[in-house]
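Can you keep this structure in mind? I'll have questions shortly.
First chain written, first letter: the chains are A, B, C and D, and each begins at residue 1.
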Amino acid sequence: MVIGTADLPESDGPEDRPTPAGNPAWLNDEELHFVRSRVPVLYVEAVPVRVDGLGKVTDVGLLLRSTPEGHLTRAFVSGRVRFGEPVREALFRHLENDLGPMAFPQMPSTLLPAQVAEYFPMPGISQFVDERQHAVSLVYVVPVTGSCNPRQDALEVTWMSPEDALADDMLSQLSGGRGALLRQVLGAVGC
Amino acid sequence: MVIGTADLPESDGPEDRPTPAGNPAWLNDEELHFVRSRVPVLYVEAVPVRVDGLGKVTDVGLLLRSTPEGHLTRAFVSGRVRFGEPVREALFRHLENDLGPMAFPQMPSTLLPAQVAEYFPMPGISQFVDERQHAVSLVYVVPVTGSCNPRQDALEVTWMSPEDALADDMLSQLSGGRGALLRQVLGAVGC
Amino acid sequence: MVIGTADLPESDGPEDRPTPAGNPAWLNDEELHFVRSRVPVLYVEAVPVRVDGLGKVTDVGLLLRSTPEGHLTRAFVSGRVRFGEPVREALFRHLENDLGPMAFPQMPSTLLPAQVAEYFPMPGISQFVDERQHAVSLVYVVPVTGSCNPRQDALEVTWMSPEDALADDMLSQLSGGRGALLRQVLGAVGC
Amino acid sequence: MVIGTADLPESDGPEDRPTPAGNPAWLNDEELHFVRSRVPVLYVEAVPVRVDGLGKVTDVGLLLRSTPEGHLTRAFVSGRVRFGEPVREALFRHLENDLGPMAFPQMPSTLLPAQVAEYFPMPGISQFVDERQHAVSLVYVVPVTGSCNPRQDALEVTWMSPEDALADDMLSQLSGGRGALLRQVLGAVGC
């Protein structure tokens, strides 16, 4: 599998670990390559936020990551939905994977996302680009109440005010066109 | 103020307590009567739910009330938005008023409601009727994590499975046509 | 009634025309003043858009208005919901009022708005300010398929690309903080 | 490919027609079988409706189909999203495929669906079952303004009032648990 230069390390697990025999939900590199070149891949993404006692968003969390080329980039919590895995479980798994087990996310009571984002490997089809694949992502804004300790490939979770998160400079640090996506989903929570 | 026979006691406070001098948000009976007969009145309503660790609704809470005539009726958390009061504060105030201070609601991070409900005093305009007024209500589904101790005019908060809440028999116990509304807002959370 | 310097002419009718006797939905100046100083006033707002054959927003329409002081300002379609008037009728009435009878809006099939906006006369409570009143507005994005001929107090409907509508310079021309609101509701339609 | 007894004929095309050489979006039977057994498959579904001049739903359209065993069943417009295909195009393609070219759907201006539905081949994981696959479906309510002429494998589009569509008898005729789904998405449009 060739990883495009703008790509992030896989946060998803299956493909960078040995495939356990007999689990149909895990794909080896060849299988993943086939899937990514032939069907849209379902993702969940989450923007972690902190809220005040009335539910109003006070802080937005963005992952800071280093690309294989050493560039710093901002990212959402993100990952594939596996075969047989409910969307809620995938969302929780990726939140735990990216924010650590003490983040205590308030999982949404509805599956309706804040936005549906389409990523294409070829530019110009939508606002969002993923060189690896055609992905369709259900994007949620998820309040977290605990402390976040990102996995090794994320350097930190940076918390900032909604205003700072929406500044042009910050939006441009998000990969794959997710600056526009962050604007859209924060809009849904009145930011 | 004449209360229609199907009406519930006011859960809202202002009108059944002495108006504090100088607070423009409180209306005396005459003022309330004027408002109710001349403009649509903005309400918030909430269906309290319990959710599992993944956010899925496991239980639905309905208030059990006794009408002035002694009929038992099911109700939502409900009440007016006051002058100068943000929607979030009104929602929190009515949740606390109807469920007690230990309910610990997870306030929504978005103002977008699960449904907008229109109540008219004259039948046939919408599904929903309120003999007292033309009201427009922002209806939310709100997870609560604590214990609920309803105010005196509500006999109890009855918790039931989504299936039981959606049974025809239960829906018909909700006043003002709110059976259809409960169906609609539980639909938004996948029930 | 004193109109604040930043205020737009009323697009709503009742208050700048003689009140017809016996119609409870119309308020004279004194009644309107009372309502505006004592209860939140329910509004509908609409951002007219043009869409392509697949529903994607291609153009955003903003009203260009002149304030009483002669300043140019951008505005949404906007107006009060009257007593006894369903939200859909209010939305259609204001669309027709502000865009003319040949705009042919595609009315939304759901009452769920793209955003709920709160305006307060006192600054600092929310992002949005209305010196005249505490207003709560259901904001819709409404595709129009015909030609728009604004009423006399709007100079024109300016059509522009979503990118141009979201430019900082354009957002700052919207009154009452509606620049942030435009960003939020265009986010809901993927712009 | 073994088709489960409760399954509907594919409305999607690729798999029951010869695969054109060189189009990565089309899957042959073996490839489709692989995909369906290893990753969640992205679908779009639509409930066609007729609306009045104010956008209110007046009629609901359900496809009447005959299963291979000769049972009559009710269905939504439904089908896969192909590799490289935007969600809007997939939705339009399936609407045209199932309703004919003269249906003139009013495509949604937002990608946000009325509901996200999860289908699993194994019962008990969600409300919805699809024996063929794990599918995740973005479900839209789509007003149509023209005349509907369903393809050969659908016997007709049956139009009925929202009340009739929501009757228990009708809901039970929908396959895969879509009775609950119809209730949920009609709830979003106030039915």
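The definition used in the following text is that a contact is a pair of C-beta atoms (placed from the backbone, for glycine too) under 8 Å apart; a residue touches a chain by one contact, two chains touch by 3 or more.
In this text, all values refer to a predicted model and were calculated from it rather than measured experimentally.
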item: Chain copies touching (subunit A, subunit D) - same or different residues, decided at half shared; value: same
item: Selected pair, greater C-beta contact count between A-B and B-C; value: B-C
item: Cα-centroid distance, subunit A relative to subunit B, in whole angstrom; value: 36
item: Inter-centroid spacing, subunit C versus subunit B (mean Cα positions, whole Å); value: 28
item: Shared-contact residues (touching 2 or more other chains) in subunit B; value: 86, 111-112, 115, 188, 190
item: Category of the chain touch graph - line, ring, star, complete, other; value: complete
item: Residue ranges of subunit D in contact with subunit A within the complex; value: 24-25, 27, 31, 34-35, 37-42, 81-87, 111-113, 115-116, 118, 120, 122, 125-126, 134, 136, 138
item: In the complex, subunit D residues that touch subunit C; value: 49, 51, 53-57, 86, 88-89, 92, 106-112, 114, 141, 143, 188-190
item: Contact set on subunit B toward subunit D in their complex; value: 115, 127, 183-188, 190-191
